[in-house]
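Here come two complexes built around chain A, the first alongside chain B, the second alongside chain C.
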Partner chain A sequence: MRDQALWTWHVLAGVVIAVLLGLHMTIMHLDVLVGIFNPADPHPIEWGNVVARARQGFFLVSYVVLLGAALFHGLYGLRNILFELGPGAGAKRAVNALLTAGGVAMFAFGALAAWAASTLARTL
Partner chain B sequence: MLETNGHPNRLGLVGWLGGGRWGAERYLYTLHRLTGLGLLAYFLLHIVVTSSRALGPAAWQAAMGRVSGPIFVAGEFLVFVAFAFHGLNGIRLVLVELGWAIGKPIEPVYPYRTSVDEQRPLAIAVMVLAGLLVFAGGLDFFVLH
Partner chain C sequence: MIPAPTDVIFRIRRFDPLARPQPAWEEHTIRYAPGMTVLDGLRLIKETRQPALAWRSSCRMGVCGSCGMFINGQPRLACNTQITHLDSLPVVVAPLPNFAIIRDLVPDLRPMFDAHVALHPYLIRDDAAEMAEPTGEYYQSPEQLEHFLQFSYCIKCGCCMAACPTYATDPAYSGPMPLTQAHRYNADSRDGGFVERKAVLSGEQGPWKCHYAGECSRACPKGVDPARAIQLMKRQLVFAYLRLYAQPCPSKVVPKPTEIKRRADVPEAPARTIAR
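== the complex of A and B ==
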């Protein structure tokens, strides 16, 4: 039952990623063809564009949501692959603990960076 | 899913290599996993590298300078290709899991028909879309910039 719930969250996170990462990839890698959210300079990673996006609350929220969804989706997928190899109960507990702690730590780090970048951009 | 109902996964990772009677979709499954692992590895590094934007323009430009050059551009394009495949194939998997594009249930009368064949057009369609997206990305990466 718990795994079915986690699997459902995995699929839902995938849908969220498809939308938000699709937008991110369009902004960053289809910038010449589509050209959105890069007001300062033609290249999306130029500091002026980074600041322009970081000033918008939409990007702060979408980055944090994408961060959480992608970490859960990716780490749960990795957990599935590892568990299919038939580890023992102790190894499963260790994998669960490692991936959960790693995922929470990366989420906290990434969310803090997004918030700090947004705060910095609003002061410039 | 996770439970194996007591049957050991004897093939392990080697089982990813052979499609057997599953056909082309089995190789899409293998590619889905490989691209997923690649995207996860890239994403974890991406979180660390892009966090430098919180430290100001000098830190950001130094971080971007460390990941520039033709090798990194080629690597980023591979990430884009993995994203295009994994995302569109993932949408196919969600549609199939919801029971769409696999045909209606039928009586199991010989010669049996398999739903794998029923959903083949969807698999072909998403691969064509992935190919178009990769083409557009390739133009942006290597021609228009």
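== the complex of A and C ==
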């Protein structure tokens, strides 16, 4: 059951990454053509555009969801690579614990940073 | 493919845990005969030079799956491999990789068959009385048959297991043959054992570690596509986890035809030999 669940979430995280990363790439590289998400200037990383995006709840949510999906997808892949080295049961448990703790910590740090950026942008 | 040679050199990997604890290579030059297979060559060496040389073989026609060996770097059936069909000479013969060696060219296939048995490779239904004493046939359309037919051609030779890079490193992984056979029954419209097999497949023994290298399908001497079966199984299990798939009820029993009469020139079926 556990491997079936992990694999399913791995696939779902891949779909989420494909959509949100596609959106990110569109904003960063095609917005000169599309021109929706960057109201201040055609260049996406101009300060005014960054602040404008950070103020929107949609971007806060999508950044946090992308962070979670990318972390899960990547760390599950790393876990599979490490497990293929043939560790014993104890080492497998340690890898699981380390990756889970590391993933949760990185997610918390990233989500906090996104929240802080959003809060800061609203005060400007 | 190579032109027919006059003589053929066989390089054979020998191992006898009692007489020679370390595997060693041995060379024999034999006279080539038209149509000679690797198995024919091994038999000639055994009959004329090395009576102690050990391997498994039986049918000599690619049906029994006994003579899987590592021939010129590929898992193949020795009986199905003509010497002139190889890419180069000499003929280098070793036991199938990814298995322990019992002796010479005899691999220990027990882990493969243990994994096979653990995945319940048979029809699972709740009508035990009908299965014991059939009153008819389980209905299956030609389209339903196509869902699993190619996977039923597997002869359990172990060539796919020897070619699998995941099975080489992870003993917990069931491997291509047992997984393909589990899918063969999951895809059978007469079967109702998906939930029972899922209990094993959803864990570490399941298809999750398959990288889709596809070596199993390339190695299969019967043209079965285990890589496809494993991907189909993954999809089925993912959908089952998301509650988007439930195995349909096993097909019903169709009564035996009553109007059809036996033709006079067709002899009557012999009496049943299996005890009731």
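Just so it is clear, the second predicted complex is superposed on the first by the 118 of 124 C-alpha atoms of A that agree within 3 Å, B and C clash if a C-alpha of one lies under 4 Å from a C-alpha of the other, contacts with A are read in each partner's own complex, and residues count from 1 in each chain.
Heads up, the rule we're going with is that a residue touches a chain if its C-beta (ideal position, glycine included) is under 8 Å from a C-beta of that chain, and two chains touch if they have at least 3 such contacts.
Being a predicted model, the structure only gives us computed values, none of them experimental.
Of the two partner chains, both chain B and chain C are touched by A:D3.
Using the contact criterion defined above for the overlaid structures, shared-chain residue A:L120 touches chain B, although it does not reach chain C. Of the two partner chains placed around the shared chain by superposition, neither chain B nor chain C is touched by A:A94.
Once the two structures are overlaid, the count of chain A residues touched is higher for B than for its counterpart among chain B and chain C. Looking at the shared chain after the overlay, A:V32 reaches chain B, while chain C stays out of its contact range.
In the overlay built on the shared chain, the residue A:F83 is in contact with chain B and with chain C.
Once the two complexes are overlaid on chain A, the chain A residues touched by chain B in the first and by chain C in the second are 3-4, 7, 11, 80, 83-86.
Against chain A, the residues of chain C that register as touching in their complex are 166, 169-170, 198, 201-204, 206, 208-209, 234, 237-238, 240-242.
Against chain B, in their complex, chain A makes its touches with residues 3-4, 7, 11, 14-15, 17-18, 21-22, 25, 29-33, 43, 45, 47, 50, 54, 67, 70-71, 74-75, 77-78, 80-81, 83-86, 106, 109-110, 112-114, 116-117, 120. Within the complex formed with chain A, the chain B residues making contact are 1-4, 8-9, 12-13, 33, 36-37, 39-40, 43-44, 47-48, 50-51, 53-54, 56-57, 60-61, 64, 76, 80, 83, 87, 90-91, 94, 97, 136-137, 139-141, 144-145. In the complex of the two chains, the chain A residues touching chain C come out as 1-8, 11, 80, 83-86.
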